[in-house]
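I've put the structures underneath this note.
In what follows, chain A forms one complex with chain B and a second complex with chain C.
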Partner chain A sequence: MLNRTADSVARATPEPLARKVRGISDKGLAWLFISPTILLLLAINIFPLFWAIYLSFTNYRANRPNEVVRNVGLANYKRILGDQDIWIAMQTTAHFVFWTILLQTLIGFTLAWLIDRKFRGHAFWTTIILVPMMLSPAVVGNFWRFLYEPQIGLFAYAVSFVTGIPATQIGMLSNVSLAPWSIVIVDTWMWTPYVMLICLAGLRSIPEYIYEAAEVDRASNWRQFWSITLPMALPFIMLAVLFRGIENFKMFDMVNLLTGGGPGSTTEVASITLKRQAFESWRTGYSSAFAIILFVAVFGLANIYVKALNKVKQR
Partner chain B sequence: MKSTLKLTLGLTSAMFASTAVSNVAQAEDLTLCWAAWDPANALVELSKDFTKETGIGMKFEFVPWTNYADRFLNELNSKGKLCDLIIGDSQWIGGSAENGHYVKLNDFFDKEKISMDDFVPATVVGYSEWPKNSPNYWALPAMGDVVGWTYRKDWFSKPELQKEFKEKYGWDLAAPTTFDQLKQIAEFFQKREIDGKTVYGASIYTERGSEGITMGAMDVLYSFGFNYEKPDKPYEMDGFVNSEKSVKGLEFYKALYDCCTPPGASNSYMGEGVDAFKSGQVAMHMNFAFTWPGLQKDENVGGDKIGYFANPKGPDGDQFAQLGGQGISVVSYSDKQEAALKYIKWFANKDVQAKWWSLGGFSCLNAVVKDPGFPASQPYAQTFLDSMAIVKDFWAEPSYAPLLQASQKRFHDYVVAGQGSAKDALDGLVKDWTEVFQDDGKM
Partner chain C sequence: MSLTSAHSVVAPSATSKRVAGTIIVLYALISIVPLLWIFATSFKTPPDSIAYPPKILFQPSVEGYCNLFSTRTRQTPEYINSLGPATGLCEETVRKRNMVIAGPSNFMPRFINSLIIAFGSTFCAVFLGTMSAYGFSRFKVPLADDLLFFILSTRMMPPIAVAIPIYLMYRELGLSDTALGMILLYTAVNVSLAVWLLKGFIDEIPREYEEAAMIDGYTRLQAFWRTVLPQATTGIAATAIFCLIFAWNEYAFAALLTSGTAQTAPPFIPTIIGEGGQDWPAVAAGTTIFLVPILVFTILLRKQLLRGITFGAVRK
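Coming up: the complex of A and B.
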C-alpha cells in the first residue's frame, strides 16, 4: 500500500523536479537543511570576528564615518600591551575571577554536599537557594546598590550591628578597599547556586554501592569524602569552575550597575575598559585589538583547562 | 438600492480619504530626540502649539542622561533616521558638524531672518558655533543651562545657627561668594543635627560613568585659574591645564569631597544631587539650573526654604561656571528636513521662547532674558542670569569623548579614590589629552 502511494507520488511529480530531487545525495540534503543555520552563524558570529580582527589593524573610529581608514599594523596591539591602565584592569579582572570562583566553589560544593544528605525539607531549601540565580542581573545590581547604601542600606546596618562601626562609615561602594569585595559578594550570592547545582549533579551521579563497599571496609566518613566523593565529583566541580571562569572573565553588567568601575578605577575590569574605549571614546580599531587579546586569552586558558579536565575524567 | 449603493460608495470614499489624510499626517510627524528630564516634559507641552499652528505632529524620543550620549551618538554615527530634530549636548557640536550629522543652518537663518545676535552670546558660542567663535551655525540655542548652587535658606536663617556660625568663622551665615566661604559653610553643616536629623554640608558631582565629576571639578577649577590651553597657541596645554592654580583647584575639590559630602556620595550626579537636596540631607547642592524649577516647587524644600547662588569666586577673584545646555539641530539624515526647519523657525519666535521660559525651559533669547521683568519672574531667574554671564565650557572638539573619558578617569582616581596627587592627575591629563590631539593630527 505504502509502496503504491510512493510510486503514484513519484509518477505525479513533474519530470524535471523529480530529476533534481533524485540527484541530491543524503549528504547534500543534510547540507541543504543545515546551511541556513551555518549562514546565520557565519553572518552573526564568524564574520564579526574576522571583521574585528581586520579593524584591530586600523585606526578606524566608528564616530568618524568620513575619515580615511589607515592600516596601522600592530600599533594598536603594542599600545595596549604597553598601557599600564590595561594591565591594571587585567589585574582587577584576575582578582575578581579568582575570589569569586574560590568562594563560589567552596560554598557551592558545601551546599551541594549538605543538600545531598536529603534531610527533611531539602527540596524546599534547594528551591530557595536557587532563587538568586533566577533573577535578572539588572535587578540584582540595583537592589544590592540599595542594600549597600550607607545611610539606608540593610547591609550597612547589619555589618554595623555586628561590628559596632557606624553604618554611615561602611561605604561598600565608595571605599577603595571595600568596593572590589562588594562585587565579589554580590556575584558569589548570585552564582553560588549555579555551582551548587552542577556539584549536586556530580554528587548524585556517584553510585551508592561504592559507599556501601566503603562501609563494609569500615572506611570513615572523612576517608569516604576524600577517596570517593571528592575525586568522583571533581570533573563536575571543574566544569562549574570553567563555566564561571569564562563568565566572570567577561563580567560587565554587575560591575557597571554597582560601581561603574569606580571609585576611581579600582573596580574597572577589562570589559568595562573595553566598553569605554569602544563606545565612549570611539576608538574602534584600538578596542577591537583589545577584544581580540581578551578573546585569545580566554580561549587559550579555556583550552588548557579543558585538557586538564579531560585528564581528570580519564583517571 | 440606489441609495444603499451611494451610501456604500460614500462610506468607502470617506474611509479611503481618512486613511490618506492620516497617512499624510503620519508622514509629516517629526521626531525630536533629547534627554529624559524635566525640561523635556515642558517641551512636549510647548510643542502642542506647533502642532496646532502647522498640523505637523510631534513625536519624542527621550533617553535618560546616563545613556543619552551613547544612544544618540550611536544613532548619528550609524546615520539613523530616528531623529529629525535633536537637542544634542554642547560638546557634540564639533563632531556633529565635522562628521556631517547636523544640517548647517546659516542659509536658513539668513532666509528666515533669524539673527544669532538675538541670543545670549555665550549660548551661541557654546551651542551653535563650530569652529568656535566663527559664524558657522549648526544649531539654534534651545536650552540655556549652567552649573549653580541651591542652599537651604531656612537652615541658614535659624538664629541659633547664625550665632554659632558667626562666633566660629567671624562672618554672617549667608550664601557664599567665595569657595573658601562655601567650604566653611559646608564644614559647619557637616554631620550637624537639624530638626532631629543628621545633615551634611554639600552635594557635589562625583559621577564616574559619563561626565559628572568633570563637570563638577571644572566648575571649581575655572575659578581657581584653570585654562584648557595657551590663549595664543591652541592645544598647548602644559602649564595651563596643570598650572599651580589648577592643582590648587583640584585639591580644593577633593577637600570638599572628603570633608563635606554625605556618606556614600562617590558616584553622584544630577539625579543623586536632587535626591540629596530634596530629602533634606544637604545644606548646599551643586547642580545644573534646569533642576531649579522642580526644586522651587518641591513641598519639603522649595518655596521660601530654598535659595540660589551663582558659582562662587576663586582665590584670585576669578568667577566662572560650567556651561550646560544644548542647541536644537536638524539631523542631516532626516527625510523631513523641511518640516524640521519649520519647527526651528517656530521655536525661535519670541512668544514661543517666552512661553518656553514660563513652562520651565531656559530660554536663550535676549528678548526674554533681558526683559525688565525677567529677574523677578522666578526666584532663581537672577541667579540664572548671573551664572550665564560667567560660563566656560569643556572641549567641544570632534574628539570630545576621549577627552572627557580621560578627565573622568583622572579626576575620579584622585578625588574619590584618593590615588596620587592633584599634580599627578593633571599631569596625567595633559599627557592623555596630548595623545588624543596627536591622534587627531592637531599637534
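Coming up: the complex of A and C.
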C-alpha cells in the first residue's frame, strides 16, 4: 500500500522530481514519512494549545458562544494566582503526588529487590503483581468506591478485622481526613508495579563483577547495598519517579470516579478543579489560563528534573 | 541484614530466597484481591453483594450479567403470573424480582464504540508511527531531536487542559460525540508513544539488510517494505497492543467529549444504576467483561512491558 501511495505521488510529479521520489531521494522520503505525524500533532495538539493561550486572555464562556468576547489581558492569570481555592487545589495535588511517589518508590524498589533474588516461580508472581497497572484507572477506581463502602465494603471490613475499629466507622470516602488517603491508597495499589518493573531493570543492569570486586575487598552487605546497588539503580528510580510524577500531576480519571473531589473539596486535585471550572462553571477563559499555568508547571519541572537525571547518569 | 547478601559472589542463599519468595507471593495475593472481588461480585445477587459481613461464599447467580445487558420494568405478581413460561435464564432470574425485561441496555453499543475507537485509533497511530519512526531512524532529519522531543511533549499536557480547546474545535467542526473525532484524538495521543517505541525497535534492525536489498535493485521504499517491516513485526505488534490498551482504558476525553452515540465503556460503566443506587453486580459484570481483554494482553506483552511503559527509555 505504501508502494502504491508513493508511486501515485511519483506519477503526479514532474519527471525529474518523480525520479527522485521513486529513486532514492532520502530527504523527500523522510519528509513524506514524518510529515503526516507532525501535521496531525499540529492540528490536534498544538493548534488547540494556541487557541487555549488566546482564550486565556479573554472572558470567553463556552456555554454562551454568541456573547461578545472581550480581551481582558492578564486579568485571568492575576485572579488565579490570588485565588485561595486554586492554591488549596495545588496543595491537595502536592500531597497526592508526594505521598504516592514516596510510597510507590519505597514499596516498588523493595519488591524489585526481593524479586531480583530469583526465587522459584518469580516470573509468574511478577506477572500477577503487574496486572493492576494495566487496567483502566476509571473503571477500577469506580469499583474501589464499592470496596471502600463503610459497612459492606471489603476494605472497611478487612481494616476493622485487623484493627478492631467497627466497620461502620471506617468511611474512607466520607471522612474529611481519610479521603485524601483513599486516593493515595488506590494509586499506590495500581502503580507500585510500574515503579517495581523499572527498578527491577535497574537492578538487573548492575554487572555481577562489581559485586565480586566488592566481595574481594570485603565490603559488608550493608556497604555493598549503599555504595553499589542504590547508586547504580538510582537513574532508573529517578526515571520511574519522573513518569509517575508527570502522570499524577495530571491525575483525573481515578480521583474523579472515586471521590469526584469530595467530600467538599478535600480531594480536589488540580485536574478536578480545572474540570469544574471549565465544564461545570463554564469559565472557559479563566480555566484556559489555569490549564496553561499547569502545563508550564509540568513542562518546567520535568525539564529541570531531566537535567538532574542526566547529571546522575553521567556520574 | 541477611537479605542483602543476594548480590554477593555467592548466589542468594536458600533462606533469603525463601523469605523473598514469601513476601512477594503475599504481596501478589493481596494486590489481586480487589480484582478477584470484582469477579466474585459479578456473580452475586444484589442482596448478596451488599451483605454484611461481605460474603466470600455465595450461591452464584447470573443476575449481574442479565442486569448489565437489559433494562427492566417492575410489574405486579399477577401480571407476571399471567405471562407464559420464561423464555430464558435471564427472564427467569428477573421475574423472581417481580420484573420483566423491557429491552437491551446501552452496554453493548458502548462496548462496540470502545472496540471501534480503540482499534481505529490504534491502526492509525501505528501506521503513522511506523512511517515516522523509520524516517527518524534511517534519515538525517534536520532538528530530529527537537522534533522527537516535540512529539513526546504533547503527551505531557493534562488531558483536561487539551479537552477545553478540543471541545470548542470539535463543536465547530461537528466532531463532538462522533467516533471519528475520538479516533483522531486518540491517534494524536498515541502516535507519540508509537513513534518513540518503534524508533527503538527499528534502530535495532541492522541497516545492512536494507543496503543489501538496495544493491539488489530494490528502491528505498521496496527495501523498507520487504526487509524492515517483516523484521519489525514483533515491535509493531507490541506497540499496537500498548496503543490499544491506552485507547481502551482512556476516560478523561471520553467523559468530556462524548455523551451519547460515541460514548465508550469507561464513562458508561459507572453510570449503571439499579433501584436504589448503584447496581454493583451489574457494574462488576461490566467491569469484568471490560477487563478480560486487557488481562490477556498483559500476559502476551509481559516481555515488552518495560519498554512500553517507559517510552522505550529502558530496554533491558
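Points worth noting:
In this section, the second predicted complex is superposed on the first by the 287 of 315 C-alpha atoms of A that agree within 3 Å, B and C clash if a C-alpha of one lies under 4 Å from a C-alpha of the other, contacts with A are read in each partner's own complex, and residues count from 1 in each chain.
Following the convention adopted for this analysis, a residue touches a chain if its C-beta (ideal position, glycine included) is under 8 Å from a C-beta of that chain, and two chains touch if they have at least 3 such contacts.
Note that the coordinates shown come from a computational prediction; the quantities given were computed from them, not determined experimentally.
Judged by the touch definition given at the top, the superposed model places A:40 against chain C, while chain B stays out of reach. Annotation for chain A, partner touching more residues between chain B and chain C: C. Of the two partner chains, neither chain B nor chain C is touched by A:58. Applying the stated contact rule after C-alpha superposition, one finds that A:93 touches neither chain B nor chain C. When both complexes are overlaid on chain A, the residue A:76 reaches neither chain B nor chain C.
Of the two partner chains, both chain B and chain C are touched by A:279.
By the touch criterion defined above, A:66 reaches chain B but does not reach chain C. By the touch criterion defined above, A:104 lies against neither chain B nor chain C after alignment on the C-alpha atoms of chain A. By the touch criterion defined above, A:266 reaches chain B but does not reach chain C. Contacts of A:171 after superposition on the shared chain: chain B is touched, whereas chain C is not.
Residues 62, 149, 151, 256, 279 of chain A touch chain B in one complex and chain C in the other.
Contact residues of chain A toward chain B in the complex are 59, 62-66, 85, 148-151, 168-169, 171, 173-174, 176, 256, 259-266, 276, 279-283. Chain A meets chain C in the complex at residues 2-3, 6, 22-24, 26-27, 29-34, 36-38, 40-41, 43-49, 51-52, 55, 62, 111, 113-122, 125-140, 142-147, 149, 151-154, 157, 167, 189, 192-194, 197-198, 200-201, 204-206, 211-212, 215, 221-222, 224-225, 228-229, 236, 239, 243, 246, 249-250, 252-253, 256-257, 270-271, 274-275, 278-279, 284, 287-288, 291-292, 294-295, 298-299, 302. The part of chain B that touches chain A in the complex is made up of residues 69-70, 73-74, 77, 79, 95, 98-100, 198, 207-209, 262-267, 281, 398, 401-402, 404-405, 409, 412-414, 416-419, 439.
Listed in rising order, the residues of chain C touching chain A in the complex are 1-9, 12, 16-18, 20-21, 23-25, 27-28, 31-35, 37-38, 41, 49-54, 128-129, 131-132, 134-136, 138-141, 147, 150-151, 153-154, 156-169, 171, 184-185, 187-188, 191-192, 195, 214, 219-222, 224-225, 245, 248-252, 255-256, 265-267, 269-270, 278, 280, 283-284, 287, 290-291, 294-295, 297-299, 302, 305-306, 309-310, 313-314, 316.
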